[in-house]
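In the two assemblies presented below, subunit A is common to both, partnered first by subunit B and then by subunit C.
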Partner chain A sequence: MSVTAILVLVVNAILVNNFILSRFLGICPFLGVSKKIDTALGMGFAVIFVMGVASVITYALNLLLIKANILYLQTIVFILVIASLIQLVEIVVKRFSPGLYSALGVYLPLITTNCAVLGVAIMNVSIPVSSAASGLLIAFINGISSGIGFTIAILILAGIREKLETADIPKSFQGFPITLLIASIMAMAFAAFSGFNIG
Partner chain B sequence: MSTALQIIIPVALLAGLSLAFAITIAFFSKKFLVEVDPKIEMVESLLSGANCGACGFAGCSAFAEALVNGEASLSSCSATSMESKEEIAKILGSADVGEKSIVVVACSGGNSCLDKYAYQGYGDCSSVELLAGGRKACPVGCIGMSKCIAECPYHAIELKDGCAIVEQESCTQCGLCISNCPKNLIKRLPANAKYYIACSSPDKGKEVRSYCKNGCIGCQICVKNCKEGALSFENNLPVFDYEKCTACGVCFEKCPAKCIKKIDI
Partner chain C sequence: MENKKKLTVEDLITPIKDGIIKNNPTFRLVLGTCPTLAVTTSAINGLSMGLAVTFVLICSNIIISMLRNFIPRKVRIPCYILIISTFSTVVDMVMKKFIPSLHDSLGLFIPLIVVNCILLARAEGFASLNKVLPSAMDGLGIGLGFTLALTIMGAIREFIGAGAIFGFSLRALSQAELPMTIFILPAGGFMVFGLLIVIFNVTVDKVSEYSERKKSQQGAKLNTKNETEEEEIAL
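Right after this comes the complex of A and B.
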């Protein structure tokens, strides 16, 4: 695999096909945990970790499923992997960062049903590759950079929402309406990246 | 591939994967175990679980933690039923006193106690207390401005002849009134207490008589008549030793000032 191919993969996952702003997956934590930059960052790192590890494990398991000719089990196996990983992350975060744990609250277990994580796992196995080893590498890189894309999007939104705390917003726009408007404008901005002719 | 294999392989694969993940999670949850106060879980299971956030905390689990740490008051939750709240109060109360208790107002003055001055104006007991130590002639008497009544989430306190009295039927011993009484008149007694001294005045009998008809006159008839030796006399007031008291009621009957009261539950 060439360095160019990896770079294309990374830029593609972070900017061009950003999970939240281009594919519209994983909106729940994007809106739910973007009130403060600190918690948004914590959530972002949790998603990066889960996406990275889940990508590798699901890719390897998918090879097993293909060998056993039971590909119809793909979704349930992937969800099993993701759910178990979230449990692990939750235990670790609870142990080492109680503040982050209480800040993330219900959204941490909700990564389990975060369609972005399942989405990246399913997209990984549909990328055409030359060998299983390079497939694993691509899956890992794709997972990590998708997580970074998620983190960047949620961080931008959290930054804007923190500024909005002191802004004079019409009453009917306060809270979620203005947040959704911002999200849509961000999505329009990110749509410009689709002009990149890469990959 | 035979039909049997077609069933066995997926089942075995899923079961094996689940087992592997289960073992991993069990291992890590043991290794990274965080010791949580078991009371928090007990309180949380008794809360409504509505996660409404009306109490000002992130959810019921955060509220339960604050309750156990003494940072929150049960009264700020309106979603939980009264029965559950009483259960929680028992759990939290046991944190303070170790076992069930009884809360009483150690005063029976009220309207029978003379006023030092007439208070007209805004506020509750605490604001009156700031003016020359309260409006009552008795230095420790119940002011009767209903601060405890306003604080009580269970409506278990009422004014009787101008003096606060605890309704034992509704009282959950939460102790909010104890910490809010500016005169420190509300006392927590052990659960086996049947009688209590409804006077807290440290003055001598003659002085007490000069301002309060219901106060203890310090005659010590109760102390002399107690066969169990459960009553002693300190600071011009009889003191109960509830470990010795057999609740015979002699003191209650003999008290000439009627300031030994019976707790009826």
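Right after this comes the complex of A and C.
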């Protein structure tokens, strides 16, 4: 793995193929927990954390599945691993870092149904790699940087929504519709990154 | 719940009607937004995604409703996820074998049916509390509502973005500046979805307001009638 290859991977995951704005993964928390910057930041960090850990574990498990020739169980195994992993993370964080727990607390269980985590796990195993070790590294980097991309998008949206609190929005546009329209404009801005010709 | 009340026809039809209009998963509850935005680049993709979710939803609702007295409260969510992921794997494998081109275009979003919040929400909110048949009907209703929403969105985006509907080109019909490719891109997806929510909600609210006003007017008439009768009796 050269440094350039890693850099390409990171920029690609954060900007060019941003998880929310160009892949449409993790829209539910994106719309649901973006009312305030604080909560958005908490959710973002929780997602980065879980995505990084889940990427590595699911990638390793997938190697086992291939060896045992039961690849059709992939979806079931992945979602169960992610669900139990989140429970485990919750318990560990609660035990060792109460401060972090109270910051992330509510958001950790929500991540189970965040399709971004399962999405990145399934995407990782379809990236062609030269060896298992480099595949594991790529999975980890991809997971972390996808999480960062998610955090950036949700933070921008939360910032705009905080400003909108005082705005006079027509009644039928309040709530989800106006948020979706903001997201649309953000997606237009991010579409500019797709012109990047990297790698 | 456990009393031996007989199921009426209404019990079976109401969930379907509610699922399409009052509880429309896409426009009213705003659940399952990821596939809604991602696969609706064409009407046919939206339709097939909707049908896939409908199948998984009906099956998982039936199984969860059957097992509702056996699943312990504490581990119910993992149980639901396990049941749902079984059926989404079935859909994945069947599609891969028989309609590989569709499987390619929906791609990642078929295994991701598992984490579609509609399924978990209906399992938790309806199937785990109701009998088997109403649960199946609820699955059908919500699934059809989802399918309808996705097909409409797909048709709009395909028409404006690619100048076609269900793959048939309509270039000859329209002299306008079609296609506007942005509607197939993510930005257009967000925009169409936001505007459709507004249109759907305003329409449904206006219609229900109108029918309620009509009902209350009729009720008022009945009341005045009763009052006059009472007066007559008093006289």
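Observations
Following the convention adopted for this analysis, the second predicted complex is superposed on the first by the 178 of 199 C-alpha atoms of A that agree within 3 Å, B and C clash if a C-alpha of one lies under 4 Å from a C-alpha of the other, contacts with A are read in each partner's own complex, and residues count from 1 in each chain.
The rule is short, and it goes like this: a residue touches a chain if its C-beta (ideal position, glycine included) is under 8 Å from a C-beta of that chain, and two chains touch if they have at least 3 such contacts.
The structure presented is a predicted model; accordingly, all values stated were derived computationally and were not measured.
In the overlay built on the shared chain, the residue A:119 is in contact with subunit C alone; subunit B does not reach it.
Once the two complexes are laid over each other on the shared chain, residue contacts for A:91 go to subunit B alone; subunit C is not touched.
In the superposition on chain A, A:3 contacts neither subunit B nor subunit C.
More residues of subunit A are in touch with C than with the other of subunit B and subunit C. After overlaying the two complexes on the shared chain, residue contacts for A:80 are found with subunit B and with subunit C alike.
In the superposed model, A:68 makes contact with subunit B only, not with subunit C. In the superposition on chain A, A:25 makes contact with subunit C only, not with subunit B. Judged by the document's definition of touching, subunit A residues 73, 76, 80, 84 lie at the interface with subunit B and also at the interface with subunit C.
On subunit A, the positions that touch subunit B within their shared complex are 61, 64-65, 68-70, 73, 76-77, 80-81, 84, 87-88, 91-92, 94-96, 98, 102, 105-106. Only residues 21-28, 31, 72-76, 79-80, 83-84, 112-115, 118-119, 122-123, 172-173, 176-181, 183-185, 187-188, 190-191 of subunit A touch subunit C when the two sit together in their complex. Residue ranges of subunit C in contact with subunit A, taken from their complex: 30-31, 33-35, 37-38, 77-78, 81-82, 85-86, 88-89, 92-93, 108, 111-112, 114-117, 120, 182, 185-191, 193-195, 197-198, 201-202.
By the touch rule above, subunit B contacts subunit A in their complex via residues 1, 9-10, 13-14, 17-18, 21, 24-25, 28-29, 32-34, 58-59, 62.
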